[in-house]
Structures are given as structure tokens and as C-alpha cells.
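Presented sequentially are two complexes of subunit A, the first with subunit B as partner and the second with subunit C.
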Partner chain A sequence: MERESGGIGRRRLLGLTGAGLGALAASGLLAACAPPRREEDEGGQGGASPEKVTLALPSSLSSLDVGRESGTLNYAVACLVQEGLLSVSPDGELRPGLAARWTQPDERTYVFTLRRGVTFSDGTPLTPDDVVASVEAIRDPKNTNALAYLYAHVTSVKVTGDLEVTVRLKKPDALFLWTVSPSGLLVSSRAFLKRHRGEVGTGKTLLLGTGAYRVTGFAADDHVLLERNDAWWGEKPGVRTLKLDFVPDAGTRLVAMKSGAVDGALGLASDEARGWESAAEVTYTEDRSVVALAFDTGKAPFDDPRVRRAVAHAADRAGMAEGILHGKAQVAAALPSPGMWGDLLPAEQVTAAYDRIALPAHDLAAARKELAASGHPDGFTAELHYPGSGPQLGKAALALAAELKKIGVTLKVEEITLEQWIAELGSGKFPLQFLWYFPTTGDPAELLDAYLHGEAEATNIARYDQAKVTGALKAATTETDSGKRGALLLEAVTEAAGDLPYLPLWWASTATALSGRLALGGGDGPFALTGPWAARLRSS
Partner chain B sequence: MTRVRRSRRPGRLLTAACATVLALLALAACFGTALLPGWDRQDLALGAAMPDATHWLGTDALGRDIAQLLVAGARSTLAGAALVALGAMVLGNALGLLAGYLGGRVDAVVHRLADLLLALPALLVTLVVAGIGGGGYALAVGVLVVLTSPGDIRLVRSAVREQRHLPYVEAAETLGLSRATVAVRHIWPNVLPVVVANTLLNFAGAVVSLSALSFLGLGVPPGAPDWGRLLADNRTLLYDNPSAALAPALLIVVAAVALNLLGDRLHEAFTDRGRS
Partner chain C sequence: MSTPPPPVPPAPGVAARLGAALPPRYVARRLAGTAVLLVVLSAAVFALLQLAPGDPARTLLGARGATPEALAEVRARHHLDQPVLVQYGHWLGDLLRLDLGTSIRTGESVASALGDRALLTCQLVGLGFATALLLGLPLGVLAAFRERRPTDRAVQGLGVVTLSTPAFASGLALIYVCALMLGWFPAYGAGEGGLDRLRHLVLPAVTLGLAVMAVLLKLTRAAVVRELARDHVTFARARGVGPRTVLFRYVLRGAAVPVTAGAALVLAYLLAGTVMVETVFALPGLGPLLVDSITFRDLPVVQAVALAVATLVCLANLAADLAQPLLDPRLRTPAPTPKAAR
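This part shows the complex of A and B:
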């Protein structure tokens, strides 16, 4: 989303918070770059594919390099062109990508064996040295790469065989395999990276990768043009030419669809997608993004737990999900959506634990009571800003303001630009903020480490610091048993819920709209639209 | 005689219709929120709904009644525009009177200033200034007052220059009245009719400009009842409740057209009276 200096961390993560933002709810579009295995590509049974397809994306890109601009749409484009060592299935499972297999000789060492016979779209073969060069480019301080923080604890990345790369870490990291998935590593060639050092992803340099498509044209903030990479190792995509038009305005997008200028759109917000149902086939997919209110627990009036509870009682979360998001969102019980827990814990265990979390229900009488007993019995005035790219957040803020007004709290709602909103996150200026996060992994620790960890000063915008929660999160970082790790993370979630540093509002869905002649095969799930998603486009 | 009567009747009817519409809108602007105190009542569970017996124009995404929002929104839409028109009239008349009556260097400076301001694209400049200033209704109104005034300055200046050499002005000056008295009490009343007509035209322009700013998020804050804001907020509801977006748009058009027609009619009437 934005360029980072130095080691990153805060801005990168804050950027991701809004990342999706780019307006999209296309986080679904993000991460997962799992090439469809031939036997799984059900979409391929649909019939011949159109040669040329034009799709609208709801935000603009100024760079194709996810290291420079890490929004969800940047990933959606880059994942068509480049691949990671691992890929992600539509339901969030890590799978072989450029690495055909991997082993973990000890807690801090990973050995990846590359797939044989893979070539870049310029015809040059993929070598382990290209993988090393791609990691080096991310870690190179001169490149100010937004993903550099992911590799802060990497000791070395070396070629250890004809097709082998070995990575050593300073300490065990349960999330490391996600780091070498497309969300943290998109491989390019050493020669390309050297030739275009610091300039990858512009309209002149474009991108080079091993993916299903190659970029043939890119006009910043206008469109990107892709051609099928016939040398790709996966199943040959049906669509030869793919044009992605950046159309930030919702009305213009719909007009483009109705006029036939585009064949569909990706990453539509739920409240917008309803209008598309008369013009296209709309599919809604849970995107694992979360919208929450973040209370600054170190600043008045929200340092008072009773004030936080009063606000929570005033928030009609079910009404927001039903009325504002047309029922295409789920009332959230915690920051990580149930889909984020993947293989860590059985779904029933997560659901049961979430059911036990008793967040304050919508009850104005209870809100008045909490406020009366707080240190601000006569009410107070607060501001709540939302990014223009998230009108649904604005509606939720207005709904909350109207309810708070009834208990004597004045909430001033203001729309600001996305850039302003990102700059305000964690600045400490505003004790009440929206948290709008699009995870890039299928692991709940991504959210929990960023927002509940007492030592995550840069990202923990609620300034929440509770020893038991932080202890559980620390233990989970080095725990290798997935069940035990999941239990630790779940303990952190349930423990923090009682303190209410964040009020989770909803887990959102993203919508894909395609004209009647197109269908996106390959299964459903939070990651269904990601990876080389366009390779799954078929005639319906 | 008969021919004349036939041609004027439709004009009078139109004028009466415009005056009636504006009177109703003025009533809504003055007493709308008092008459409909529940305009901000929301029903999230209902959300955006089509018109029915309870909600004549349906509801918006927050379940608020569109008809009540439109009535409540008349105040910010029309009051701001009225302020722009009146502010521009005061500023334009003061400077135009000075320039037209005093002449010389004062005239040259004021005239050049008016030329400079007229050369600026008003709405574009307002967008830029409001954008840099972080938006806001007061800022938008202030900028529009300044950028609307050059028209009044030139109009009044020209009218005053026509008047200043007329015998009644020379007579007043011969009597030893001060320049201010001559300008304000003798000349200005004679240019007032054309000023009033022009103010109505400015009013119409300001309704459109302020609505455009609110539409772009640079006017009233989110959630405030304002026709431009309602249009912007509800345009995604075209398939859930079309009237949520169409009704505010229609009201903006109706108000602007009524003000324009009435302004034209007044201008013609004053001109006819002047000739006679």
C-alpha cells in the first residue's frame, strides 16, 4: 500500500490494515496463489474460454511491485505473474508452489526443493539462485521493501543443491511457511532484479515471474494488460488476454458493466454488490477481513473499561451486518474470523469458544448504566474517522453516533482520505478508531500478534497490554505443535475479549461479479479468488 | 390587447408556481426539523427499503426516512446558498458602488480585482480550497461568497456609472450631501431592482455549487441531511430504493430552476418598469 523505509513493521502492518482498503474487500484476492492442480480444476470442465476478458478492479495501482505497494489488488495482479515457494489453496491451506516439497530438519531450518523444469515468462529457467536473489532483494535496505520485516529473523538463505534452497532462522517461527508463500515472497530472476534494481513494477520495467500470465502493459492508475504465459507449469489458462481496468468509482464500475465495457469486477464490497445482481452473476465469498472499533486503552475516556462497555452496548452490530451490509457479513466475536484458524484447531472448537465470548449486546439501557457508573457519567465527545474507500464503515459510524447520542455521547463522524486514515492509525491522536484489516495469511497469529501483543507497540493501536495475553502469544510463536499453538492463540483471544480493547463489528465478504458468459472455477473459500485466479476463468 | 394577455398568462402562472415552490422550500428550511424532529431516527434492521405507506419515499441504508431527510435537508442546502447569494450581494454592492461612484484609481483597482476573480473557475477553486482546508460547510460558503461577488461588482458598477451623471445625483451633490449619502441613499435604491434579480440567479447557482461540494464530500459532514450529501450517499441504493437518490437530485433541479425562472421574471419586470 505504501513504501516503507527501513525495517518496516508498523507502517506495513498498518498499511495492511487498510490494505484491503484500497477499497477492496478483495482480500480474498490477496494471498493465496495456489495454482489449480489439474484434477481439481473443476472450472476447466465448463467449456472453452473467451480469448479476451476485461475486468474492473475497484481501486488504482501505482506500482505492480508488492514490495512497494502492498494492497490487496497489488497481490491480485502480482500473483498472476509471480509465484512463491509455497502456494495457498482456496480454503487457505499451504501447498507446494515453486517448491515441489520442503523439509524442516530442525526448528530453525527449512529446506526447499524446487519444481523441475520451471521457466520464467522470458524463457530463462528458474534456479535456486533466483529464489535467493528474490529474498535478497526484499532484504536489501536500499530497496526499502515493504516485506523486509518478514525476513528480520532470517539468518541465511543459501543454494544447497541443484534445485535446493536452505533457509536458517534465528529463532523458531510458526508462521515462516506463510512468509515464503505469495504473501511474503514472489520470485523473480536475479538478472531481472539486478537490471531493474529499485525500479521493479513500473510501467517501463513491469514484472517478471514464472506465473500463469506475463504483464505486457501497465499504466499506473489506469489499467494493466496481461498475456497468457504458455510456458507456465500449471494448467494452461483459457483466457489469452486479460485486461484489468482500475475503476475506483462504484457508479462508473456498474455503468461499465452494463454498457459491456467490462466483463465483470472483482473485490466488490457487499453493500455495492447488490446493485450488480441485475447485471451479472454475483458470488459472495468470506474474505477473512475484520472491521472493529479500536479503543485506546491508555487514553481517556476509553481507558475506562465501563466507557468501552457503554459504547459496545450502544453498537447495534447485528443491525450493521444485516442493514448496512445486506446480511453479507457475519457479526464478529473476535478479530480473527473462524476461517483464519485453518488447521490449527477443529472448526467446532473455535465456534464453541467464540460462542462463549460474551461481547456486550445492543442494549441502550445497559449502555446508560455503564456510562453512569464510569468516570464520564455526563457523557463526552469523541471523533471517529473513516476512509472514503470504506463507505460501509462510514454508515456504521453514523449508526453508532445516532445510538450514542441517545446516551449523551457525541460522536463526530468524519470522512477522510485513505492516506490520512492510514497516517492516523496508531498515531495516538484519536482514542477511537476503526480497525479494518485484511489478513494475508490463513493464520490467526497474524492479527493477534499485531493487535493484542503488549510488545507490538507499532501496531497495537489499542495500546493493549495484558501479561497473560502477551504470554500466550509469545508461547504460541515458538510452539511447533499446531494443536497446542491453536489453544494458546485461542486463550489469548478469549482472555482479551473480557477487557474489550477492540469491539469486533463484522467479518466481511467480498463479491465477484461476472457476466453470464464467464465463470470462475476452482472451488470456493476465502482464497478462491486469489493466486493465478484468472487461470480458472472459463465460459459458463 | 387580447394577444398580449394570452402571452403573459402562462408567464404569470409559471412565476406563481415558482414562487409557491420556493415558499414551500423556504418553509421546510425554516421549520422542517422542528416539524419533523424524528428525521434522524434510524432502523438498521429495515435498511434501504422501497416506498410504502409509512415511508413515502422509502428509506436509506440506515433505515432513515428519505422524505423526512429531504425536508430536514432543505435547511443546509438552501440556507447555505442564501448566505452565498446575500454575502455576494453585500460584497458586490459595496465594491461596485465604490468603484462606480468614486471612479478613478478605486474604480481601476476594484474593476481589475473583479476581472481577476471572474477569470477563476469558481467551482474548481472552491473544490481546491475546500479540499486543502479539509472541507467544511462554512469554508465552502465563504469561498463561494468571494467567488460569486465579481458578477455583482460589475453589475452594480455599471449601473452606478449610468446613474452618477444623472440630474438627481448632481442635485444631491449640489445640496452638499456627503458622498456616502449620495451613493447609498440616492443612487443605490435605483440600482436595487437589478441587484435583487441577480441575487436570485446567484442563489440558484449556489444551490447547485453547494450541492456539488456536498456530493463530493467537501460540504456538510457525513450523516447530515443535505440534498447533495443524500444524493452521494444513496447513489449505491439505486436498485434498493431509487427514490433515495433520485428525490434529492430532483429537488436540487427544481429549486435551481424555480430560482432561475423567478430571477428572470423579476429582471424582466424591473426592466419593463424602468423603461416605462
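This part shows the complex of A and C:
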């Protein structure tokens, strides 16, 4: 779940989710009284792509290696430089990547055939041994790789032919193909990994990959510099030089855009993005992340389902999406956002099933009634902590506290650092917590296996254990037919919804701003920033 | 009738005068004191960081990757599983071998993570200090000469405004005016070497300098007002000595001691101010690194940055202390007389 970046995604995420310092308020003011933007088009003449593009990122990366720091912005950068065996389309479908094709001779074996003629940006050819070395590097304890857990059930990864890699698993895993997509495997060369063991992704070592760009410079808190990799096997990117500047202050970022110092920005918070609409084209993209309340079902007072329902009735979820996220979020019906089902089920089927989930509506009278009938009729006191990198979570918590006060429940809201929040998540000390998760795969099981599975003790912070739900999830792990698997997962979701171990609040979106002369082609689905997104930058 | 002036004894050489003002034993004692202070500080930082919330191993691995084995592995590699005193011993031992260790967060050597950042922060602090001196001293003198008149009040009011404006507001205002409206300076970033770096640092340095300028202004004003009231200054003015001579020969000489001491203190404020200024101007200095490393509990980096900053502050104070006897003979430690030596 580092992968979940927000959650755990550490600072970038934070940035992503808007760690704007106090100057946020000023950005609206600046937007209102800004002088007309200087038009300076270098080489942006009709249709041709600009040679150099500079984009602002809201927070710095500390490492380019996604195994060491796995925020969404880390992925956005690394996926330009490195590739996985499989790739992901903007809509969330798995497609060939470095592997031109793959077969599954039995349910525990995968055979990948690599694309012919692929070279790393240093000129050396990609071999199956490099793929093996990349997996070994993730599993090497010396590298402290946060993705190592994904390979816990892998028995062996072997070179079985000129262009062939065979992976064997201890037990069937329907999610495995996602593991070798960019979210779980970014391939580098054996020589490079050996040379820089334990320190890949620093300003000195950078990254080596086969991707659309090669990274030529990185300084934490400053910038990442990328040059087009002309030897890339995909469609040639239009932009030759891409500079990503880390500009943590929201006000500075906006002025930089207005003065023409940057051509756009990624990962703007919804508060901030509104201020950008006068200076740039802002696109809102569902980012698959979810914010929910997690009730510890094994601990008083939330072990009482009536208490959970009372809290749910008190939460004005539609008001949060509208008032706090300015309508740029969707009221959530479950943990996996609709975009997470893209590879399994048709959208209509998911929407229909989600519509049938009837979470308690905002209704204080009903909340009072539930509480009166519960084991805590006189109310209780609870704590709710939120990470400083998620101010929107803090606002939601305060809104909830105000409503709960009316029914006699005291909610103490406190801001803590992201690091402290991560440490508290698995500690079991706090019966009410925020769940804030950015999935890296496009498979609902990523969330469901972590949070609803009765045997997932490390991650299931609600300690939810229901035989029927766990049974459906287990069956889905070995089910190879995607339609049947989707149905099993959907069954787990709807079944668990009635018990309310989590109260899903909203599915968020991320905002991308680009100056009028640029456009990001090829669709803006929920996976638009996974994969070589910058290769699609063109003059508009 | 006038008597001839008494014969002037030959002036002692520069080295002898320096030796008299700053006896080597005094300097050595002060240096040793500074070293002890730094060791105590490093222990204090180490202890304080133990109290900080969060768990670096868990942050590094993420909630899903944090299996007991993986956690144990990370903790063992960075000695996080050992008693605090042993951890501190490891760190101190490495330091004595001039090894600052490896960052837990990035795996990079701390020395290389610090290198360019320390240089940038020093440049920023240097320019900020120069700005504060260039604005604070003349304005302080001006206010003192116009004591309790409108100019004095205006200057002091200006000082209060700059002192109480947070850097993110003043910085943003400067960026808005000087970068966006006038286009004189770049909005953010550190630039690349030489003049470009200087151009990028003008706005941050002014932001930083303005915030502490008021401290120097107040100190200078108070010192100059006090000097102006002294008998020898009144007498000099009565004698018809020109105002410029009065200012430079009499007043500023007397005001130099308190102002120097204050300036050294201001340096500590400047270093603290860089955290905010570097964030506003997106500068990759020590400030953002320190903040991130503290919340991550990246011990080796926090220790190194804290020590670097503490060393700078201690050395600045040491320099100010050593300068005082040079500026004012009355502050010199009396040389031990033969009698006292016995």
C-alpha cells in the first residue's frame, strides 16, 4: 500500500492531494487580478510539438525508484523511463508491454515472450536475464523494496529461451498479471542493478530503462530532467526535453504558470485547480483513489453495527463531495471505484450493482434512533486522526464531528504527519480511522483482498471477518474466467456493504493543467498517467 | 601657555596587538567550548528524534509491504532495533571516521545528499544577511538620528511590518510583483551556476533579509541613540565636529559591539527562516530536506543537517565573541600579570 500512495504514498501524494501551504487562499486572489499571460511560443507552431516542456509537480520525490518511494508521482515519472512486461491502457486494460505475448500453460505458470529488438536507453539490448534481475532486485532485502510483498508467492523466475521468461507461483493468483505491469515491475538491466545495488534512483545513479524517455538529471526538491529516448520501440514522443520542476508552494506554482515559466502542472488538489482554470486548460481525471472511514469491528464502540450505522447516517457524504471537493469527487458506494473494474466487467453491470448498494443516507433522526437502540445510547467519545498531507480529510472529519455532536457523540479530530498516520494504520490502537488508498492496479481485488479478506490481518484495519465475503474473495483468487471472477468480487462488495465495516466517503480525481498550446492525447481515463503519458504530449 | 604633548610610545605591531586582544589560550578555550556544545547538541537532537512519532521502517515499506521479516531486516540494517545509546554510539563512531552514514529514506550517502544543498543554503543565508545588514543598519542609524520624529516612526513601522509578515506571504508578493508583473527575476528555482544562480536568489534573499532586517534596525537604533546621548558625542558636536565624523568616529564605533553581537544572533534566525523561504521559492536547500527527514525520522540525515546548522550558528557566535575585544579594548581579558601567574 505504499502503492497506495496516498496513503501511503508519502509526500508526493500529499502533494497530489494538496499539501498546499497557507498560500492557497491567495491563489484565487492572484487568479482574479493577474495581468494577461505572456504569450511566448517557442517552437509551438502549428501541429509540431514543442521541443521543451516544463511541468510543475506539487511535491518532490525523494527517490526515483518506486520500490523505495511509491507515490503516484513517483510512478508518473518512473513509467516514462521504465516499462513492465505488460502495459496498461488509459482505461485500465492490460496490454502487451515489454512482453509481446504471454501464455499460461497451467494456473501457476506464466510464460512471457519478450518483444524483439528492444534496447535500454544506454544502448544495451534487453534480455530475459534483465527481467529476472529486475525481479531479483525487488526481492533483494538489501534494496528495501516496498514491492517485495507482491512476489511473496512467486516460486521462481527463470530464463527459458532466447526471449522467454517463465514465472512459477506457489498458488494461483488472478492478480499476478498486474504484478508484472508497471505497478509491480519496472525493468532495468542486470548490469545497472548490480552496479548500483541498494542505491538505485538517487540523483547520482538515476534510473535505467527501455521507456519513452531517459532520465538525465534528478535533484530532490528541485527537478527531474528527461530526454526523449529515440530508440524506444513505441510511437516517437513529440516533446524532446521534459523538465519536471518540484514547486511545493501553491501560490508560487500558479504564478509560475501565469508568467510562462512552466507549461502546466500535474497532481493539483481540487481546491487549487479551480484557481488554475483562468490560466490553463484543467482536466479532471478519476484517479481511482478512495477515502473511507474504517471502523474496527472488533473494538467498542464500533463492534456494535448500530453504532456504525448511526455514524453513517450522520455523515453527509454528498455534502463532502460537493462542499469540500467542489464536486470534483464522486460519492463512493464501495471501496473500489468504478474505474477499477475495467478489465473484468462491463461498466453498466458495475454501475447497476453499485446502485443497489444502499448505504445509510444522511439523516440525523435515523442516526439518533440507531444510537438509542445501540449499546451506547448516551453517546461516546472517539478520536479521528488525519494526515497533514490530506487537508480534505481533515475538513471531512470536522464536518462529521459537527454532525455527530448533534446526536451526542464527541469526535476529537487531530492532524498528524503522514508518517505517523502510516504507523497508526496497522497499530490497532484506534477504532476509528481514515482509509485513504491509491490503487496501482486496475483490479478491485487489490482493495478487497487487503481490506475485506478475513485472513489479511496486516491490512484489514476493520478486522472484518465474514465467511461468505472471505469465501468469495478466495474463490476469485483462483478463478481464471474474468466475468466469473468479476461476479465473485462484486458479490463480496455487496455482501460486505450491509455490515458496514467501512463507510466509503468519496472517489477522488486528480487535476492536470496544461497551457493552451499543449494537449495530452489518447484519452484521459483513470490510468492516463500510468505508462508513458508524456509521449502523448502534443501541440494543440 | 601650552605644554608640549608627551612623547607617543611606538605603536606595537599588528600581531602583538592581535595577541593582546585575543590571547591564544582564550581562543583555544572558546573553540573547545564550541566543540563540546556541538556534541551535546547532537545528543539532544538524537534524543528528541526518538520522541518523534512514526516508524521509518514502516514508512519505507508501506502498510502492505511491512511484513514482520521485512521490518526486522530494515531495522537491523539501520541499527533501529538496538538501544538508543548504542545507536548514538554507532553514529558518533562513524562521524569520527568522517562518515555521515546513509539516508534511510533514499539509500543515498548523506554527504552527497547534503553537498549542493548546503552550498545553496549558505549562499541564500549570505545574501539574506547582506540584505538585512544593508537595509537594517542605515535605517537604524537614520531612525536614531531622527529619534521620535515622523521619519523614526515610519522606519520603525516599516520594520514591524516586515518582521511580522510571514515569508510565504512576503515571498509570494515579491514573486507576483517582480516575476509576474515586472518580469525582472525568475519566479522559482535555484538556477544553474554563477550569475543565473544570483538572479534566482535575489527574491529569496530579499524575502529572507526583510524578515530579520527589523531586528538589526531596532538594535542599531537603540545603540546609536544611546551613543548619541553620551558626553563625548555631545562634546564633539559642541566642538563643531562635522556630523559625518561624529557618526563614523564616535557613534558607530560605540554601537559596533552590541550590533555585532545582535548580527550573530540574527544569523540563527536566518537559518530558521530558510525552511519557509526555500519552500516558497522551490529551492533545493537544507530546509526542505530537514523537514522531510524529521517527519520520516531519517536519523542520519537529521543529525547531519542539524549538526551543520548548529556548527554554522556556533561559529558565527564565536566569531562575534572574538570580534568584541578587537572592537572594544575594555572587553579584552587582562593579560595575566607575573604576580597573578605565580
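Operating definition for what follows: the second predicted complex is superposed on the first by the 493 of 540 C-alpha atoms of A that agree within 3 Å, B and C clash if a C-alpha of one lies under 4 Å from a C-alpha of the other, contacts with A are read in each partner's own complex, and residues count from 1 in each chain.
Note that a contact is a pair of C-beta atoms (placed from the backbone, for glycine too) under 8 Å apart; a residue touches a chain by one contact, two chains touch by 3 or more.
Computed from a predicted model, the values in this text were never measured in an experiment.
Once the two complexes are laid over each other on the shared chain, residue contacts for A:148 go to subunit C alone; subunit B is not touched.
Greater residue coverage of subunit A by touch, when subunit B is weighed against subunit C, goes to C. Looking at the shared chain after the overlay, A:275 reaches subunit B, while subunit C stays out of its contact range.
When both complexes are overlaid on chain A, the residue A:252 reaches subunit C alone and has no touch with subunit B.
By the touch criterion defined above, A:468 reaches neither subunit B nor subunit C. When the two complexes are overlaid on their common chain A, residue A:52 makes contact with neither subunit B nor subunit C.
In the superposed pair of complexes, A:419 makes contact with subunit C only, with no contact to subunit B. Within subunit A, the residues touched by subunit B in the first complex and by subunit C in the second are 251. For subunit B in complex with subunit A, the touching residues are 40, 42-48, 61-63, 217, 221-223, 233, 235-236, 238-240.
By the touch criterion given at the top, residues 250-251, 271-272, 274-275, 277-278, 316, 319-320, 322-324, 326, 388, 391, 394-395, 397-399, 401-402, 412-415 of subunit A touch subunit B in their complex. Interface of subunit A with subunit C (complex): residues 1-4, 7-8, 10-11, 21-23, 26, 30, 34-35, 38, 60, 62-63, 68-70, 141-149, 152, 198-204, 219-223, 245-249, 251-252, 255-256, 258-259, 261, 416-420, 422-423, 425-426, 450, 458-459. Across the interface of their complex, subunit A is touched by residues 53-56, 58-67, 70, 73-74, 77, 105-108, 112-113, 116-117, 166, 168-169, 171-172, 175-176, 179-181, 183, 186-190, 278-285, 288-289, 292, 295-297 of subunit C.
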